[in-house]
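Notes for the one structure printed next.
In order of appearance the chains are A, B, C and D, and numbering begins at 1 in each one.
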Amino acid sequence: MTDEDADWSVAFAIPADTPGIKQVARITTPRPRKHIHTAHFYGIADSTTIFDDVFIPWERVFLCGETYFASMLAMLFATFHRHSYTGCKPAITDLILGASALVADYNGVADASHVKDKLSDLIAVAELVYASGIAASVKSTPSASGTHIPDIVFTNVGRYHAGVSLYHEFETLADLAGGLPATLPLEDDFFSPETKPLLDKYMMRRDGVSAENQHRLFRSISDMICSSFGGLALLGGLHGGGSPIMEKIAIRNQYDIESRKRLVKMHCGIKG
Amino acid sequence: MTDEDADWSVAFAIPADTPGIKQVARITTPRPRKHIHTAHFYGIADSTTIFDDVFIPWERVFLCGETYFASMLAMLFATFHRHSYTGCKPAITDLILGASALVADYNGVADASHVKDKLSDLIAVAELVYASGIAASVKSTPSASGTHIPDIVFTNVGRYHAGVSLYHEFETLADLAGGLPATLPLEDDFFSPETKPLLDKYMMRRDGVSAENQHRLFRSISDMICSSFGGLALLGGLHGGGSPIMEKIAIRNQYDIESRKRLVKMHCGIKG
Amino acid sequence: MTDEDADWSVAFAIPADTPGIKQVARITTPRPRKHIHTAHFYGIADSTTIFDDVFIPWERVFLCGETYFASMLAMLFATFHRHSYTGCKPAITDLILGASALVADYNGVADASHVKDKLSDLIAVAELVYASGIAASVKSTPSASGTHIPDIVFTNVGRYHAGVSLYHEFETLADLAGGLPATLPLEDDFFSPETKPLLDKYMMRRDGVSAENQHRLFRSISDMICSSFGGLALLGGLHGGGSPIMEKIAIRNQYDIESRKRLVKMHCGIKG
Amino acid sequence: MTDEDADWSVAFAIPADTPGIKQVARITTPRPRKHIHTAHFYGIADSTTIFDDVFIPWERVFLCGETYFASMLAMLFATFHRHSYTGCKPAITDLILGASALVADYNGVADASHVKDKLSDLIAVAELVYASGIAASVKSTPSASGTHIPDIVFTNVGRYHAGVSLYHEFETLADLAGGLPATLPLEDDFFSPETKPLLDKYMMRRDGVSAENQHRLFRSISDMICSSFGGLALLGGLHGGGSPIMEKIAIRNQYDIESRKRLVKMHCGIKG
């Protein structure tokens, strides 16, 4: 932020229902269940938040024109957000991994070596991201306020790895599930008298698991990767907390590349 | 197919409304437009097709227990289907490329070198797939019936490359578009008196392009990559016509790997 | 090339031994064999070619200051060079594939599904590159001189795919061979009385193949991927005929991206 | 190890010069310098170590037929070896990063955004691997002997990421250096009276850096990626301490995949 950007160098916190705030919300959920209900119904709400002549009390203002601190504030916000990512993203991979392992099981291919390799790859993504969060915590810096600032490089490489891996994680689940999540008949058809026996018959892919449970798994996978919610999860996982390019910039800006150049100069016998 | 599989070695063609056929359909479309209509409304219908005591006239039967021909028929069907893929899939990339280039334009980043590199990567996918289709045609084998059988290896490497590239193509478009396709307010909000002026104001990302046109582009991208239709397109593009693993198997089964081993033996001075 | 670049816009052809030409050569070969000779001994010579006051007869000059034609000449040269690449590079993959298949055989893992998958991937690289060469020929343009100019986009996507795949091809062969190409004892040790029986004994990894033949294969693989020749092959395959970034530039410059943007505009209902 | 493998379930430690031990060594170094000497001369020695009737004193024996402990010993050895990798491998990337940054500088492309992105990618590899080592230490388990056993999953995902990234790291350095490391004239030619002034003239790619220093850098890069030493570094980095497939197996064997399947069952409403 330069001096001309002073009007944009503002930060504050107020209640979401302060007069003048307009939230234009978009709610994304999987299609509500009619027959095979589950214990929880999930979704996400995004909001385009517009400040239309909102009064901000002075005591809620953190920054008002101090351009010098603007980038620091942005970087700190991003660092904390991305650090939280190193904990929450592996939990998303837990779901992708669990669904991948279970559908491989139901499809009867759980013992194939290439299937096991794909599960290992999912684990590697989750645990590399999580490891970077642990390392960022261990190497954090205490601040005057008493909070700890996570290590910026470890935080960013973790968020970066999560961001560039997500599409492939979805692809892995789609790969192991086959095309059925995309072509699964509607729920009603599984419960209409005419088609129920037929769909239950042809839904079967593995003895010992009921048709309903197979139906349940494929419908949930369809909700995960074949729905507007799945699309939102992909874009959210790519851009939320900073797109991969933002982490790339943070990584190289914080890294001591010069010392590595000096190391190589010494190695080459280059003086100066 | 072994002798025991004779009952499954059947092939025939009959009208879709023959008595006894039950089609359990699933229709997937983007959310219908209410205000910013477009010239065409698209979607796709999948059908779980069940033959429930259907009479097949003998003159419509191609295969009835001749297990010897079953794998040949399957392979020929797959080859023609995959060959058609080398023509239709590049057209899908045309849409992804056009949307990527246009959204980069609207986002004001079209001249950045990494953006141009991403467009080149999309083009490379489309044209490698298309090239393999051309090569498969040029090297096709005429059959007794007068039709030409596309070269199996070229056909399969093309379909394979399309299949393993699609998720990354969607990721590229999402990367260039940013998060807006996932958080775009609903159409109604863009046309309600209270929010229209505000959303039109904040929708703007580039002078010289109307807010409505920017809205149109991002809504269409949202339909492409942030919808159940987008999810279906991903799974369809991965598994339709044969999952990548099927092409891998076809590729190595048809390829003369032994001649390459002999070449290396000669190179090493290994006799026999 | 701008007007100021006229002095650099020159092209001609003369014999390599014309007075004034200095070639500073670098020869790279695998270590010469002492015991297990092969039918051919190969290597490559690069030359830094310096024109130190060389007389060029006028009839050998193609371009002399005509900046207008300079880029066309460069592009045509590159196109023909890259087109030849679509034929020669698959032959290099033939060697990598043959060595990979043979060493998997000798290591006793040829039937593992992940090994077969890796072979399929090598084949896919070779045949996609070759297919692009065929497509470039089929879609070539006849020129006034009677020669045919290969299609530029097909040519460049083929060379590009070869360039970005080569390191991974070497990695595949290294993966299947294991570490032995890097730790293989010297040839003399395989033929000294003290160590010959021991090395022959421990060289064995598969019954029915002589120790010498196993030795021959691993020494040749060591020459391919664990030598200065292997290093040169990697850099040559990456940069020769134009680094991948050059093909990316050629691809997007020649491609009709605008028509794809118009297609998407129509799809979105964007006028103008 | 089963009961039949008792003869192979042995472990001990003795001095390398114990009578009966035969080491068949292979030494790999870059070509010794003749003119532009550097402070250190490096290389690596591998040894095929043969125990030819060697007496092992009982007090040096750790394992002698106890098959039950054999896999535990192998796993612990691998874990400690792979954990050390998470510290040493990032130091190798330090050299690759430093050389990449310096050669981009000398080539005048250090400010190009795609070059900076490539440096970020190298940093991300190094720091993800290092982070996994830190996490493995933080989550280590104290053993009876007083040593700490690193966390197995974190250790293995770190070694795995290093192993599957190395070829691409070399490719990145080759990409930024261009083809010169492969075609660089021999050292003598840079110091012969006839060619020295010419090579010094054409070696120049950036003002302010002496021809000798440019020569030094490219020769060292040639030693790193265009030599038998570079080939050994690639195979060593791929297979040393366990090939990637070994880590994949360790990862999934140690991971609680079942709990993720239960999580997804709960999410789907699948009982039991």
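By our rule, a contact is a pair of C-beta atoms (placed from the backbone, for glycine too) under 8 Å apart; a residue touches a chain by one contact, two chains touch by 3 or more.
Since the structure is predicted, the reported quantities are computational estimates derived from the model, not experimental observations.
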Between B-D and B-C, more C-beta pairs in contact link B-C
Please tell me the distance, in whole Å, between the geometric centres of subunit B and subunit D computed from their C-alpha atoms.
40
Rounded to a whole Å, what is the gap between the Cα centroids of subunit B and subunit C?
31
Multi-partner residues in subunit C (2 or more other chains touched) are 114, 117, 245
Based on the touch definition given at the start, go ahead and assign the chain network to line, ring, star, complete or other.
complete
Subunit C - residues contacting subunit A, complex:
112-114, 117
Using the touch rule from the top, collect the residues of subunit D that touch subunit C in their complex.
22, 24-26, 28, 46, 48, 50, 52, 114, 167-168, 170-171, 174-175, 178-179, 181-186, 189, 194-195, 198-199, 202, 222, 225-228, 230-232, 234-236, 238-240, 243-245
Quick one: in the complex, what on subunit B touches subunit C?
36-40, 94-95, 97-99, 101-102, 105, 116-117, 119-121, 123-124, 127-128, 130-132, 134-136, 138-139, 153-154, 157-158, 160-161, 213, 216-217, 219-220, 245, 247-249, 251-252, 255, 257, 260-271
